[in-house]
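In what follows, structures are represented as structure tokens.
Both of the next two complexes hold chain A, though its partner changes from chain B to chain C.
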Partner chain A sequence: MSATNSPPTSATLPNATAIRRTLPFGNGNGNNTPLSAMVAESGSDVKLPNDDSDASDNDDPDDLNTRTKKKYTKDRKLGEGAYAVVNLGHRRATATEPAVPVAIKKIKVNTEFRDGITMDAIREVKYLRELHHPNIIALLDVFSSKNQNLCLVLEFLDSDLEMIIRDTSQTLSMGDIKSWMLMSLRGLWWCHKSFVIHRDIKPNNLLLAANGVLKLADFGLARSFADPKRHMTHQVITRWYRPPELFYGAKFYSSSVDIFSLGLVFCELMLRVPFLAGNTDLHQLELICQWLGTPTEENWPGVTTLPGYHEASGTPVKERGTDFFMNTFLAAGESGVELLMKMLRLDPRKRCSAREALDSKWFSQEPYPTQPANLPKKGGGKGIEKVGSDLKRKAGELFNTPDERENPVITRKKKHSAVVAPVPEEIENAPNEEMGSSDDEEMEYTNDEETENEDNEEVEPKNVDKPQAGSKTNPPPPPTRNTREL
Partner chain B sequence: MAANFWTSTQRAHWQLTREKIADMRKGLDEEDTNKGLGLAFPLPEHKQLQLYFHHCLQRLARRLQLRQQPLATAETYLKRFYLKVSIRDTNPYLMLSTCVYLACKMEECPQHIRSVVNEARALFQEFIPQDIAKLAECEFHLISELNSYLIVHHPYRTLMEVQVPLKLSTDEIMAAWSFLNDSYITDLILLYPPHTIAFTAIFLAVFVRPAIHTQANLNASGSTALGMGTAAGAGGSIAQSSVGQNAAVSAASGINPQNHSSARLSQMSEWFAESGVEMEAIIECTQEMISLYDAWETWTDKVCRESVARLIRGRQLS
Partner chain C sequence: MEDHLYTTTTQCKTWSFGPGTLSTLRQTTNAAGVRSIKRGWKRARVEASTANTPLATTPIPSNNTTPTPGPDPLSIPDPEPLTPSEELILVNYYMLRLMAMSDIFSFPSSVKATACIFLSRFHLHHSVHSYHPKHLLTTILFLATKTENNYLSTAEFCKRIPKLTPEAVLKYEFKVAGGIGWDFEIRHPLRGADGGIMELLTALGTSNSDPGIQTLKEKLGQNPSRRVTDAAGRMKGYLTKEALVSDVYYHYTPPQIFLGALWLADKELAEAYIEWRFGENSTMGRPLKKKKKDKKGKERAIEDENTNEPKKPPALAPKLIPAVIACAEMMLKAQEYEKIPVDVLKRIDKKLHRCQNPQKFLGAGSPIGIGNDAPPKKQAEEAAPPPEKRRKTEEDLFGGSLR
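Take a look at the complex of A and B:
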């Protein structure tokens, strides 16, 4: 169990022996995590693209398409979005196999714009066709419908991690969280190993199969690593999960952006609310500075040269150390906190890789990761609709409907799991007060979004302490976290 | 590049054998003949057409200021597509514009559909319909025919990777790069893994090209497809000289340095011999390239242009 503490650092593994060693993340071997059975189990469940259809390349293409299409039936519509319609369907039972439910995502080609297939759809097809892993959603087939729509047949997954997080009636044990983290990291490891950056890791893109297995989905923003010196856009990743380098407009970044996002998902699993939920990009950056530390040349050499860098307002906060994380995320335990800190480092070069994260002691310590089949579930009708609406949402968007945007479904109730510290109400206000305290700073804020801040002025004194604490040599006591309620 | 070549759909589904390719083409031809299209619309020999399409793609790519990678992807798409669909059933100009359009999206340098159509119209005039919906529709067919296997692995990256360990000179890299560009006229990308093609190009650049240099005093960069006239001229000489070289390679996977700067060449041949690169495959690739340059010598775009125009007009495909 402790044997994996000296991981090979490179993401691509040099030889067969090394690959054998990594199998714990693929199909359980050697590294006695009690999850060994899980992947094999899910593996048999995953229907990879059907070989019989793919192998017969020389068949008449029309026939091939018809044959593929005939394998599936459409049952009912789950949702419709800007560029896709999602239907629940199933693969017809054959002599040897029973019917399997699938999600059929119909990409609208024939819309009035008629300017080609969107990049989202292209990317989704492009990467899912190549990436096969038990923790990545499987693209079972692609076929074209009669009125020239491209239909992606995806594995049907009935819920997502966001639903679990928001369902505060459920208690999540650390074993459960560990299991989801483990599966997410495995999926991410495979993406990165294949030189693909997901660029939109967030709870509602982490889908859950009926048997509890977690799968990365929505590759609409994914891209392969750019060639050296070629720019990539920094306008990716849903704001709440976006790492600081992208706010600074970095054009060259790497798989570490996904690690940061997943680190925040980790926090969210414990807190049950988004850890850093900024109203605007600038606000989000403030939150990062406040809770994780202010990027400076010391903790992040070169940060000031990024194109969009601007000095943070207020007193700089030292990059948070173990004390802060231990106080805030006590439930994760020492090794869990160590992992979390490595994932949330400000300097992207200092963040761990997915591979290193998987080697964390945390996964091999008690409590062991829960077997997927025993994980808390949120099944039933609502789950299906929710995933349907998620599937059709455009990548990178936070909310499905304008409605949700108005009233985000973030319940900050006091009902919490027993394991994890709840987020005190102040967390919402804290960032705003911080900004309030540095009032001479001109904020490019859209005012409509911060109506609630004004009511909370009275909490300000508490938070004003914080920057001062930050200037001491010791890591500051976590603001507001001393009021842990259990 | 994304994903791993060894687990890629390119290797699993789009790495074919010569026989298979010949079969597929023959199948399409027979179908055309049965439908009476073969006689009505005779097309030049396949190699000639490939040269022509390559030429067209290149001109379009230059107008759109594309990098080599999307162009290479577009060429690969076109080749794959015409293995499954008969040229006589399509408007080749529209098809190749679609390949460029899709390849740009795929290689993360998207071009607006309007600008692709406009540039294509500037080149191919009335053969490209003004309605962008036509191209969008075509894109859809293309994706479907490719079975939505869209990621293509190219040899350029291998070339860049080995340039340091092999101590290639800038000159040699440029030459190898040009050979790679030319390789997209042939079926190599459908036949061999990208690294084999890359090593073929290096082999040609290091061993064969200097021989031509001394023999014909030709500028090697003339063999880029950019300067077609020169290339055709150079082609012949490459053909002659490399046949001789081939014999040497196949004999010992090591080359008799002859009159070249021998230390470096023997070092290089040692590297080739020890690298475990499949010399057989490289020789086959080399031969493919030679026959390309041979064909290039007699090639003119006039015949192709006319027969394609006749096809499009005759079948009212535009």
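Take a look at the complex of A and C:
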């Protein structure tokens, strides 16, 4: 890739640019006059008194939309999925600023979702409009295309952490890993500080700018902290990175779910394969029990009262201690292992917060975190395409293409031989008619006391638990116990 | 008094205004709306006169109630447009309708409040001349259910309101979403308020000998906890009505609005609370704060205030109280909107109807603004200076208590 020869601006919109408020109200010509100043201006600004001129009033969102749209050019398609099309684009050069590459994510009108702007898009826009941080992808603009497709103009980032992990031709030093962890945690800290839970942390949602800076992306599953007593759905986070409390159907959980996910990303950075790659939810939970320990009342008071709790099959494993982690992740060193253990505690209340993680000694010890600019990079056109597909992927999905699905880049796990024809993507987006009913069949928990204050979250579970090959004929709702074929 | 985090929100950056700015903004919006009406009528006149053979008085479909333009269309005067304050009256009336609509579904107050703020923000920049609020209510409410994580399908949504179709709900969704600048996140005082009440109840419930709490108890009389719960109920009422109808969201931070509502609900309680938390002798113990953090950060607003309260702070109370009082007064003023007689509203609506439908009066032209079949393309011209009409009134209604 062009880390070296692409202009540094490409993926590193200076923060100021990133935060610029392009919307509301008629600053289509790129000036960023504060609203109040603009108002004064437009009052005194006498233009041609031509009654039927096509110049626009402030008043019309359509005009505003057109002006916003005109700020960008569309260059070429980077990827297309059932959910969105991602195009590489540019913000047109203005008198003062050069053209800047951007990614334009066009959310397709989902024929199955008949209720206007989809929830993923709503969430993504809602949170990215608010979250401004160097380690969070910047939403530059929003407009609608002529066919009433929603287009998000995002900062252009040219690779992701998954590509780095999978590129086995590269060795990753502990300093590199530290640097990526540090940047992820900073982004996550800001989310949590702003009362937002990301709920889909995984390597391919951690995007990398050309200058090496890591940014959290894909807020399609994010939500704010719930009010007390309001339920949240447990059908979130891609399976391999999902924490045990969600498998147990917890309705009240916190930002610690993101910490667990990031802990597993940490492992993956060291192992270069997903640490816990379950084929089904049940299998995933088994893996957690087996590798991290079996949740019991002892190590996790209250776990047995969770709605989906069931006793693990097989011999219970004691929650892993330092010895196990030191053996498995020796490279991280003592303080690294200490951090990792705190992030992967079974009991969510015992997990560290992003802030505490940032305070870990590990970051201030040698080897120091690598400067972003010196981090390993994955190159070229491939990178761009991949990120294109990362952005268009539906929240919670793991693979981008059927091909990838059949031949995942995981080497450690055995492959299932019976690979059935890949599912056309649409099916995965089948609408989830009854929201509340997305209970996991595998869990079979009782639905008592479910009524009050149910938080009607529209999270389409099948994306999270995407039925993989073979599920084509299954009627959509819930996530099914069918196996992900690997 | 806002904390650092709040200053990063779109609510603070884009949707907070100084006292004068808001009314200027409304006038500008009004002026743009008036211009679009004028243009529409002008076009309609041209059409009427070009088609104006004597028979051009061909009855227009559905003109049964309106006067048939027997006379020369050119002799019919331009309609009288709405003033900024009339626009506001109309918007606020529809906001009350919106609340009622939300209650049909028994949506949580966050949905209701968000919907109201969406409506208010939309019309801050879009004149009712071009966008009659009655066509937007369901769209806005539905959008609010989605942004507040309370999604239900349009089919379900339409079941509850007679004659409503999903198409009608979604038709203007992009317009509304774009019209509010895609800023879906609204910081309500509701959470902070809940947190504050919890904090009070916790403090009163302890047998702590903390002098601050002791004074607090003394000030609240016989049954302090009861008093707090009663006040909380009334406060919630203010927060879900007056706070939304008034402009406090544009001028004050969520914690200030919460305290303002508490002030209205029980002045002494609010005073005592502010004194306890932010007064000269504030003895807020650290442990209590710590405990609150553990509640998953519920008390956003309260925490906001915590950050403002360094170790040995100059007391915040003297600065805070005037803001709270001003905020409370502004909310109280909003009660006038409920008292506006129906015939005033009818008159305004009639004026608006005339403005938007030149075809019914001239026999030519097309409807102006959305809601009619063909949303006409408005053209702009910036010549007309904003009419200064009734500016006084508006300032009376909203500018008075600001300072």
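As a working rule, the second predicted complex is superposed on the first by the 340 of 486 C-alpha atoms of A that agree within 3 Å, B and C clash if a C-alpha of one lies under 4 Å from a C-alpha of the other, contacts with A are read in each partner's own complex, and residues count from 1 in each chain.
By definition in this document, a contact is a pair of C-beta atoms (placed from the backbone, for glycine too) under 8 Å apart; a residue touches a chain by one contact, two chains touch by 3 or more.
Note that the structure is predicted; figures quoted are calculated from it, not measured.
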Chain B versus chain C as contact partner of A:144, first or second or both or neither: both
Chain B versus chain C as contact partner of A:235, first or second or both or neither: neither
First, second, both or neither for A:223, with chain B first and chain C second: both
First (chain B), second (chain C), both or neither touched by A:254: second
First, second, both or neither for A:119, with chain B first and chain C second: both
Common ground on chain A, meaning residues reached by chain C in one complex and by chain B in the other: 54-55, 57-58, 61, 64-65, 114-117, 119, 122, 125-127, 129-130, 132, 142-144, 148, 150, 193-195, 223-226
Residues of chain B touching chain A in the complex: 1-4, 7-9, 12-13, 20, 23-24, 27, 84-85, 101-102, 105-106, 108, 110, 112-114, 132-133, 135-137, 139-140, 143-145, 147-151
Contacting residues of chain C [partner chain A, same complex]: 5, 8-10, 13-14, 17-18, 21, 24-25, 28-29, 31-33, 35-36, 39, 42-43, 108, 110, 125-127, 130, 142-143, 145-147, 149-155, 166, 169-170, 173-175, 177-185, 191, 194, 295-298, 300, 378-383, 385-386
Touching residues on chain A, where the partner in the complex is chain B: 54-55, 57-58, 61, 64-65, 109, 114-117, 119, 122, 125-127, 129-132, 142-144, 148, 150, 193-196, 223-226, 232
Complex contact set, residues of chain A against chain C: 21, 23-25, 35-36, 39-40, 42-43, 45-65, 114-117, 119, 122, 125-127, 129-130, 132, 142-144, 148, 150, 193-195, 223-228, 254-255, 433, 435, 453, 455-458
